[in-house]
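Got some structures for you, see below.
Look at the two complexes coming up: chain A is in both, with chain B in one and chain C in the other.
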Partner chain A sequence: MIPIVVLLLAPSLVILPLSVSQRQVLAWPPRGFTLDWYFSLFASGRWWDSAIHSVEVAAASTVIAVLLGVPAGVTLGLRSFRFKDVVLAIAVVPLVIPTVVLAIGMYKVYVWLGLYDLLGLAAAHAMIGVPLVVVTTMSAARQLDPVLILASRSLGAGPIRTFFLVILPGVRSGVISGAFFAFASSWDEVIIANFLSSPTYRTIPVQMWAQINQHVDPTVAALASVLFILSMAMMAGLAMASRRAR
Partner chain B sequence: MRLPAAKSIRLSGLVKRYDRTQVLHGVDLDVRAGEFMSMLGPSGSGKTTILKIIAGFEAPDSGMVTIGDRDMVGVAPEHRNIGVVFQNYSLFPHMSVAGNIGFPLRMRGMPKARQRTRIEQALELVALPGYGNRMPNQLSGGQQQRVAIARAIVFEPDILLMDEPLGALDRRLREDMQMEIKALHERLGITIVYVTHDQEEALSMSDRIAVFNRGRVEQTGTPREVYRQPATLFVADFLGDSLHVSAAVQDDRIEVADVVAILQRPPAGHSGRVRLLWRCDEIEIAEPVARPAVSGGRITMPATVLSVAYAGTALRLKVQLASGEIGTVAAPEGGRAETGGRIGLRLDLARATILPDTARRGGSD
Partner chain C sequence: MGSRFFQAIGVWPLLAALAILFFLPAAVIIANSVTEPPGAGLSNFRRVLADPTFFRFAMNTVKIAIIVSIFTGVIGYFYAYAMYRAGPALRAFLLTCALLPLWTSLLVRSFAWSVILRDTGIVNWLLISAGVVDHPIGMMRTLFAVTIGMIQILLPFTILPAYTSMRRFDSNLIAAARSLGASPRRAFWQVFFPSTQVGLAAGLVLVFVLSLGYYITPVLLGGPSDQPVAVLITAQITSQLDWGAAGAMSAIVTAAVLLMLAVGWNALKKIFLV
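Then we have the complex of A and B:
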């Protein structure tokens, strides 16, 4: 168990010492100690812009994914109907198709439609986020006692109020974790983002990618370290939220 | 809290099919206003389907449901004003006790202050005053079911449906809750339809019982009627222990086990092959006899004891007649019955229930 954890985590942890190394290039072993790369990171308008773009795209795509994925997940989890398996399979297709295939297809269609930058990226990332929300919501809905719905109806709540007052609170933990996964998958998505973003609208991963290809400046390591710590914090936040939901 | 006028329920010609299995074969049933009516039957007999149809959770393929003088066909459950108590309580887990009980009031747009008074009244009615802030998972099963009952009556429903509400409770608690539900019924005067497969529960609580078997009502009557005068062998067997024997009737002559007796009152509507039925406590145990004999309107028959079970106040003997027919007889505690022993059974013809000799139709599980 522990060797596996080390093997999985060690490569990401390598960036932490590199980000405070005094060497001018990204190279091992690190030498000395400096926070210069962090200063240059936070002083750089380019990085701030791409951080804002990333948040915009991730937030917008998460909202779309939740709006589309929750009703679908609830229906799939609570009801049985013909071709249910087919519907579920179609809903999760974007998770199985190689992202680069999706990206090329979208590149052609979205650019023709004029969908790129924020709008295009939000739509494209929502496509990856929807199946995540569908799956987590569906498994939460399966745990829900269907008699609660009958109880709600008999007490005077119509289908809509029953959805918002009984079903939605019942699947809350599934919706929260689905939204989190959708946000995270958009946040670090680089392939589609590379195709659908113009040089003026780069998300963080795209900017990092470009940076690494041009100069091997340890600023990237500083950024990577910040992102690493942020993700850990989000993960912990989610764990706490889901515990409270239970 | 006293509810407005209780409503009656009339079911006529209810038919329901799921895929290829027909679960209701034309059910007619009248429940009077204010009555406690139990629907009793084995699982799969259609009683829960009837309940779902009354509540509006299922639509019948054909037939009518009338509550008071209102035709319920096509009315959504949320517009029926019916209280439903489910077997597994079905409290909303994310709402407090007060939130649960207040839910139907909220749905009816009642002002907050009046809601609070009504919630507290309802909690007092089910003997849980001051429990409003608890969450359902902090309550025992019995307490949860009381909250569920409070939630189902707080909005003054026209009728109250209960679907095996005590099935998940242990025996002792179940008996206490039976008394409480009965007391609540008397206090509120509400019409209750109570689904159960427990015949003792049905006998002790109901004004009338409808016995279901395979999607039909076999008999409707008071607990005494369905127990002492069962209309069919199914009802007789489902509602308790008895012994029944094959017999042939012609006018006032009856032939049982090769002996002929004359009946005091010729049975109306019966001739040819019938079954004579005695409840287990209507049979007297006598000295062993060699062959059946009649005297004074009573037949004494030889029997073999197959097994003896101790049932608290009496013994239950499983007996077999010379004809091979098997039945159950109650014997006083301390009697000298033993397994394999030979005894005589004294059967009073005047107390026999005469039933058509149908092939035995059991409920399917």
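Then we have the complex of A and C:
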């Protein structure tokens, strides 16, 4: 078991000590202690700009994914209708289509539709994130007690009131997980972002990808450490939010 | 009629958005295979299928996908079984270790592997310090680097489905098999494994399908001879401007992905969509 745990954690654990090493190159073992790489990272306007772009894109795409995915997930979880399996397959297929194929297709179609930078990335990432929202909402909706919905309807609430007052609170934990997953998947996406963003609208992964391919210095390790800590915070945030939602 | 239409109204906005923003781009790129250049017909497919470069990249893709699937399948099932047998505290720790990589950026993890495996990385330092080797072993830019990186990145996708199917397993069945005289090994292979193999199958399909499209990890960790089709497709666009060839290659990869999904759909549905 220990070798597998080491394998799972190795990438995360090796990068942190190197980000505070005084060496000018990323070589093991780390030597001394310095926060200079973090200072130079945080002093760089370029990284701050791309952080803002990443947050904008991830937030916008998460909102779109939730608006589209929650009604669909609820419908798939609670109703039965013809071609339901087909609809379900269509809704999850964006997760597995090779990103490169999607990226060059979007590059062609989105630019023609006038969608690039924030708009384009938000739309594209929403398509990748929405299956996650559909699946989590659907499994939460399956666990709803159908009697609650019948009770609400028989007490005179219309379908819309029932949706907002009974169903939505009931699937809240699924929606929250889906939203976190959608945010994280946009936050991390490189390939589509590379094709749909102009050089003035780089997200963090695009900027990092460019940096890795040009010149790797310990600043990249500092950035990787910051991203690692943020992703741990996201994971912990989801654990707390879903505990509260229950 | 009207009420039947409204029955599924919640899925219509999603389907409309997917049609324009997801299916249209995918369809346009695949259609390019027969429309670029105008009147191309099947010539792009003939050209691509006869091209030794495409063949080499396609073989790399399949080879990597098979190696990664075998290792993530065996290790993931074993890990899930350990989680299933562990006490609550250890189980929570193991689950966290399995989820952590899933949350960590793919780019960060691929970059981290390049730092681990390089000549001045921790692995070579350990080997040299232990006196196993005198000089660093070149692990970067090899098939080994690509597969170990992808195994670590994709491992959660076999651990979690296998664990899901184990949690649903009725443990009384093992007790019944044992009381009827089956050895622990026989009870495992004839009762436990057959009822949990659906989780293993779902994980394997997922890993295989996802590895067919991998791009970032092979570019960062692999050498020129370890690159997959995804890299070749990008090169058609960014350096050759050959939309026809890119379309034909995209169509082939997408068809392979959809075929695998169709094969594994039942297992995937049982694990993820219940």
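Convention: the second predicted complex is superposed on the first by the 244 of 246 C-alpha atoms of A that agree within 3 Å, B and C clash if a C-alpha of one lies under 4 Å from a C-alpha of the other, contacts with A are read in each partner's own complex, and residues count from 1 in each chain.
By definition in this document, contacts are C-beta pairs under 8 Å (C-beta built on N, C-alpha and C of every residue); 3 or more make two chains touch, one makes a residue touch a chain.
A quick note: this is a predicted structure, and the numbers were derived from the prediction, not measured.
After superposition on chain A, the partners chain B and chain C are accommodated together without colliding. By the touch criterion stated above, A:Val5 is placed in contact with chain C alone, chain B being left untouched. In the superposition on chain A, contact of A:Val147 is made with chain B only, not with chain C.
Legend: residue contacts after superposition of the two complexes on their common chain; A:Met127 is shown touching chain C, with no touch to chain B. Of the two partner chains placed by the overlay, only chain C lies in contact with A:Val25; chain B stays clear of it.
In the superposition on chain A, A:Val166 makes contact with chain B only, not with chain C. The angle formed at chain A by the C-alpha centres of chain B and chain C is 90 degrees to the nearest 10.
More residues of chain A are in touch with C than with the other of chain B and chain C. In the superposition on chain A, no contact is made by A:Val55 with either chain B or chain C. When both complexes are overlaid on chain A, the residue A:Leu155 reaches chain B alone and has no touch with chain C. With both structures placed on the common chain, the touch criterion links A:Leu88 to chain C but leaves chain B unconnected. Superposition on chain A places chain B within reach of chain C only down to 12 Å, the least C-alpha distance between them. If you check the complex, the residues on chain B that touch chain A are 55-57, 76-78, 80-84, 86, 88, 90, 92-94, 103-104, 107-108, 151-152, 155. Chain contact summary for the complex, chain A toward chain B: residues 145, 147-148, 150-158, 161, 165-166, 169-170, 172.
Taken in their complex, chain C has these residues touching chain A: 4, 7-11, 13-15, 17-18, 21-22, 24-30, 32, 75, 78-79, 82, 94, 97-101, 103-109, 111-113, 115-116, 118, 120-122, 125, 148, 151-152, 155, 206, 209-210, 212-213, 215-216, 220, 230, 233-234, 237, 243, 246, 250, 253-254, 257, 261, 265, 269, 272-274. Looking at the complex, you find that chain A touches chain C at residues 1, 4-5, 7-12, 14-15, 18, 25-29, 64, 67-69, 71-72, 74-76, 79, 81, 84, 87-94, 96-102, 104-110, 123-124, 126-127, 130, 134-135, 138-139, 142, 184, 187-188, 190-191, 205, 208-209, 212, 220-221, 224, 227-228, 231-232, 234-235.
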